[in-house]
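Chain IDs A, B, C and D follow the sequence of writing; residue 1 opens each chain.
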Amino acid sequence: MANGYYEIRDVVYGFVRLDQQEWDIVNHEVFQRLRRVKQLSLTDMVYPGATHTRLEHSIGVMQMASDIFDSIIRKDQARSLLFEHYKLNSDGINRYRKIIRLAALLHDIGHAPFSHAGEGLMPIKDQESKERYDHEEYSIAIIKHYFRGLIEDHPLCANYPIQVEEVTALLGDSVKCSFLGIILLFKGIISGQLDADRADYLLRDSIHAGVSYGLYDKDRLVNCIDIGQIQETGDLVLAVQDGGWNIAESLVIARYQMFSQVYFHKTRRVYDHHISNAVKTILENCYPGFNGCYPLPTDLEHYILFDDWSIYGKLKDGLGGVHGEIVLKRQHYRKVYETDLIPTQQQGEELDRKVEELKSQGISEYFVDEAKTKWYKMDKDILISDEKTGFVRVLSGLSPIVKSMVDNPRKKRLYVKKH
Amino acid sequence: MANGYYEIRDVVYGFVRLDQQEWDIVNHEVFQRLRRVKQLSLTDMVYPGATHTRLEHSIGVMQMASDIFDSIIRKDQARSLLFEHYKLNSDGINRYRKIIRLAALLHDIGHAPFSHAGEGLMPIKDQESKERYDHEEYSIAIIKHYFRGLIEDHPLCANYPIQVEEVTALLGDSVKCSFLGIILLFKGIISGQLDADRADYLLRDSIHAGVSYGLYDKDRLVNCIDIGQIQETGDLVLAVQDGGWNIAESLVIARYQMFSQVYFHKTRRVYDHHISNAVKTILENCYPGFNGCYPLPTDLEHYILFDDWSIYGKLKDGLGGVHGEIVLKRQHYRKVYETDLIPTQQQGEELDRKVEELKSQGISEYFVDEAKTKWYKMDKDILISDEKTGFVRVLSGLSPIVKSMVDNPRKKRLYVKKH
Amino acid sequence: MANGYYEIRDVVYGFVRLDQQEWDIVNHEVFQRLRRVKQLSLTDMVYPGATHTRLEHSIGVMQMASDIFDSIIRKDQARSLLFEHYKLNSDGINRYRKIIRLAALLHDIGHAPFSHAGEGLMPIKDQESKERYDHEEYSIAIIKHYFRGLIEDHPLCANYPIQVEEVTALLGDSVKCSFLGIILLFKGIISGQLDADRADYLLRDSIHAGVSYGLYDKDRLVNCIDIGQIQETGDLVLAVQDGGWNIAESLVIARYQMFSQVYFHKTRRVYDHHISNAVKTILENCYPGFNGCYPLPTDLEHYILFDDWSIYGKLKDGLGGVHGEIVLKRQHYRKVYETDLIPTQQQGEELDRKVEELKSQGISEYFVDEAKTKWYKMDKDILISDEKTGFVRVLSGLSPIVKSMVDNPRKKRLYVKKH
Amino acid sequence: MANGYYEIRDVVYGFVRLDQQEWDIVNHEVFQRLRRVKQLSLTDMVYPGATHTRLEHSIGVMQMASDIFDSIIRKDQARSLLFEHYKLNSDGINRYRKIIRLAALLHDIGHAPFSHAGEGLMPIKDQESKERYDHEEYSIAIIKHYFRGLIEDHPLCANYPIQVEEVTALLGDSVKCSFLGIILLFKGIISGQLDADRADYLLRDSIHAGVSYGLYDKDRLVNCIDIGQIQETGDLVLAVQDGGWNIAESLVIARYQMFSQVYFHKTRRVYDHHISNAVKTILENCYPGFNGCYPLPTDLEHYILFDDWSIYGKLKDGLGGVHGEIVLKRQHYRKVYETDLIPTQQQGEELDRKVEELKSQGISEYFVDEAKTKWYKMDKDILISDEKTGFVRVLSGLSPIVKSMVDNPRKKRLYVKKH
């Protein structure tokens, strides 16, 4: 540590440097749990290389987030605007840089085993709406419970005290603080259509899976992110410099292609189904108190015991039921029918007909999947700033491709047990 | 399957194509077990990206092996030599191509959990010498037991029947057959200093770990492999064309650098120690009949139940003892002293002194590691064939670098429990 | 040549292998001229790495073309269709493979200095329409004149005689021959929206320029190309397997992004203007007989004397006029106004107004550029074949992105001399 | 320029950022001349992609040099040492950073056409020793003559005045100044066995040529460079942290492999001979006043008129004599004999015998080449600093590979005219 920092080798950035505080967080046993949560659930059933973890990704997002932040701060005009609007000088900048890094590092700390495949097993939050807790609520709870000390009282922060709520505010937690405007401004680095999370996982998932769909030009994206201004209100917003609107577009396209080719892959989708059911069986059999769900965010002590490893063990012990067996032997249900990304009415009816047919034959071992996402949130359009005025336009007004992404995919597939 | 083949996406080759027989082998549940054996044990404790598996690697070695084979066959002169010496025509070539692919695909089928870290827990073969079984013996046993049918009776092989013993012969199993010469010739593709195994893992480990040490020029290596002739005896041997001796050298260097930087990494080495001890504890506690070892090669039914997942579960259940706890919390012993790669006498004494000191203080939670390999086996020198005559020379006679690799590393390190 | 082939190192494919005939063509002095024609004219004024040549690209297109061809032939169903429809057996396949390779290798042989920047200086073909010759007409003329012998009489072709007209037929030359259907079928490999030319330059230009816009997944594209069938007519057509329609889409996107970011770059565009004018001046001053144009396709002897080097020399000798001076000193006109890719009416008027303003001030050293291409030719839609039936659909029906590319770019810019 | 910097796309670094001063230097017409000097002479005759220029490389070296500098400054201990020894605070650091960047940017400004191939045509400096001027002497002369204003009087340097002699001091020019110690310390960044020049060209040449021999791990190298201390004298020196000695070794190996495979390639070497002779002929025919040499460093006005382009023109005009013709038609002499890298006595005699044979046959169109370099300068050993003490050891003491590089290559080849 004669250097004053630690380094972790990373497939996307070469190296990520961490200061002592970040290093201590990474080495906390609750953070180490992310080593045991794969980034893409059982996607490695299709793309054998995709065995990477949330730990690797989380460290990467921290790097990406501060790369974006540094790129903004490097720009003369952006620094001026931050000073004019928020009196942000170089001390303040360092402090916000740290808040952003910590939020990025910890944003996924609440994930259940097998990442998103586990979200259907979160406990129900509201009995009426049947809405379930999501992993962000767990993240916020875990940060407040386990990391408050390392965030608020770490010697490294002596010069610019940080409150844990400032960190969680970037993850969607509501916050009352005098710097609300800045928090809102920088929130886009952590969650938004150009955020560091997305900017990292597209590259990382591509590299480990061995595909090129998500390999947009990271350097150019980072270089082009800037602060723009809404002409009507004068508010500051994150924006992409107009010379770089194509790179913003290419990130949108990269995500579109990764969904089409990887995240929506027919085999990957059905394994989400199998593992989800296997975990449900395990929860029911082994943890009867939890009603087939993960523990509540108020019971973190138990929640953090769950990770891929604990599930793996139960699977190998034969406690995952028929779906557990399927995972172990790679005998997933086979796709027998699928619609286009946006189903035609005819395709929808065809699928229904096929399901009825199965039912009439007394076959129950089938699965109807609906793969959904939003290609682009038109109501949260990416903003492009004019080189001269600094005022922003919306990306969908410049890019015919982005504009074309109004219809969202909801591809349906029918899978039946293999014989 | 209108195409007549299957494809698997791969980080090294882009795609690997498999015919129906290979596909059936890969989907066999005993092969799927390799999904649950990480290639590099707990190396991801240092290089977070290195979570890849033996399954991914095995498929890659198959591709690399036939790439090498095809490159040889592409050469006019090599084909002539094979015909002159062994009457090998295009049918025979196809048959040997298949044997080589199968041997490559299955060469690691016998690995225990956590790969090489598990070799110290293999049962003892010979009570006198205390020699243990190794993973190759398990591989051969498993191939013969579980894959004979898929190899010998698969419809795809109707035109060129293959015996399972021809496959295992390439893995070191002794064999009696009329084509012994050819088997000996091609054995170098599966095991040797330029074999497909090595040629694959250097690249694959580099990509997933995010390092460049192992990234030699695969295309050039493959292109340069040829058949040469020993001038004195006239025997055919695998060789590298003389225009490409630098690429053979660069593979040797790549391996040297991967060992120095990755496989011998201080933290990786100590985790091999911790996981090995944790597994031992698990074996003793949970499988009392096995005497703290894995089942015998005669008890494959039990042996194949062991994989990383079954161990993970026991670790999470707290059955891995103190070393299991260390793995879960990333609280490995810390290096307090290390020698050069080739220890000086002084360094050796210094290490002994430090160990004595620990003992005298009653400290028992320490670990002395000795990292050993051979940089280059001078007695199995890589052969370089002359462009004009086809006769071979040894690589160590051409490359001062290879020649310098006579002293083998045996770096010692002392680790002590963290406080 | 003990191997039976030659190898050239290539940035896209690693190596390109050439047989003796191809090697002889490449070494012909008329082919060597392509070494002296840069692929992207003066694009290196913006992207300093983009100094690569047509020679490099031409060799690459040959490789890409036969990779595509081989991928088709590898597929059981495609081979069956070719046999059923055209009686094409393995001998015939080898012959067409060679024709395709030769056409690909020679497709750019007719380029003038500075590639497309030279097309405005081609002589006028038809005085009424003022249409000029294009580089393809020169390519065909050159192939017939200089390469007939190497194509028709090369020993390597003894087993399957080829006529030079079969090669030029793939470049757009009309042809009468009994295998017209096959020629039409394979023409798409050489010219079309998925052709080997495009498939190569997007990658090559990206690599040398150091950008990632054009880096689509070559391996997957090649793997997915197949032969499909038009349901109504039963005709065979080149198609992409439906599992790979996203990769066809990604090539379209890659091209779109390369145009937006590289080929339409403001500085690149203005240098096309400057070099074009400089060459015109040189032609007028040094070659008075040619009326400021390149020699006619009937005067190939003089035409092939022109290449970047001969122009460079004249520029250095100060014979390029004011525009030549600009090129030497990198003092290009500066962009003072530009429209969107698809100009709004308002932007068009604004530009006209600015031009008028310049004129009224007596300023004549300005340049109005209009950058045009077609994002996608809807009337030559890429075809996607159904996995089961083999019948084709159009890509624009599957991809909302491709469908959105109906409006073509015609971005206008106004440049004025720097002061 | 709202950002405060310019950006150039680069194949090695993604982007290089330049401030206004650096941008002005790059746009100076004498700097633009480097666009017309290829980095590797006629290496593209073998590796068609290797058409890149000294301009591209020079900008890259500037980036690499400050990356190295920044890495040193990032380290707590290094900053402390610089302050203790030289009172260097953050202002001083910024000033030296700029000096280093300028030296790196301009280090190759004096190259003659076709880079090193032109060095044999430099005028003779000392009639007695027959020693010739080298490109560094031209670089220094050009910097002082053409760039003094942009260096010393640029507005950007108002806060830390720089003298042009401080810049040239880093290139080997002797200098008298109060900060001599620092200059000596930082000189290693510009010239040495780990310098930014080498660190850049190995990567850049590899990328454009499409080879992987020179692709060492840039990020790790940069991260590991530090300031160490000589135990005996207390002097500060550039060093590599001991955890990174393998990366220093790998740079040495990368260079060794690039020489063996690319720079010493038989065809490349003979084209250096041909182009050199062609230029000589051109100089004699077209510039009779110069005695077959380039102009003197005292006649810069004429010297800077020479670049690849001016030579290309003369070649095309047929003024390059027989060797010029050879270059245009790619009809180089063919290698008929070569020795090992380090010739045995027998090989040397064999070569002499063959030359005699040619002579006796009256053949004069042949060429004997001797390819020489030093693999490693043992007397300027790379220094490795101890993690704890900061004291340095020599790399050749740690690395058996580096230690083995004592014998330097002097491979001889005999080429004869092709028939």
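The rule is short, and it goes like this: a contact is a pair of C-beta atoms (placed from the backbone, for glycine too) under 8 Å apart; a residue touches a chain by one contact, two chains touch by 3 or more.
Please read all numbers here as calculations on a predicted model, not as lab measurements.
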{"item": "Duplicate of the B-C contact set - from A-C, A-B or A-D, the pair where over half of the pairs recur", "value": "A-D"}
{"item": "Result of counting contacting C-beta pairs for B-D and C-D, higher pair", "value": "C-D"}
{"item": "Gap in Å, rounded to a whole number, between the CA centres of chain D and chain A", "value": "46"}
{"item": "Inter-centroid spacing, chain D versus chain B (mean Cα positions, whole Å)", "value": "41"}
{"item": "Intercentroid distance (Cα basis), chain D paired with chain C, Å", "value": "36"}
{"item": "Where chain D touches two or more other chains, by residue", "value": "14, 211, 217, 220"}
{"item": "Overall pattern in which the protein chains touch one another (line/ring/star/complete/other)", "value": "complete"}
{"item": "Contact footprint of chain D on chain C as seen in their complex", "value": "8-12, 14, 27, 29, 32, 35-36, 38, 44-49, 51-53, 55-56, 59, 207-211, 305, 307-310, 312-317, 328-330"}
{"item": "Sites on chain B touched by chain D in the complex", "value": "211-213, 215-217, 220, 246, 249-250, 253, 256-257, 260-261, 340-341, 398, 400-401, 403-405, 407"}
{"item": "Of chain D, residues touching chain A in the complex", "value": "2-5, 7, 14-15, 74-77, 217-220, 223, 226, 387-388, 390"}
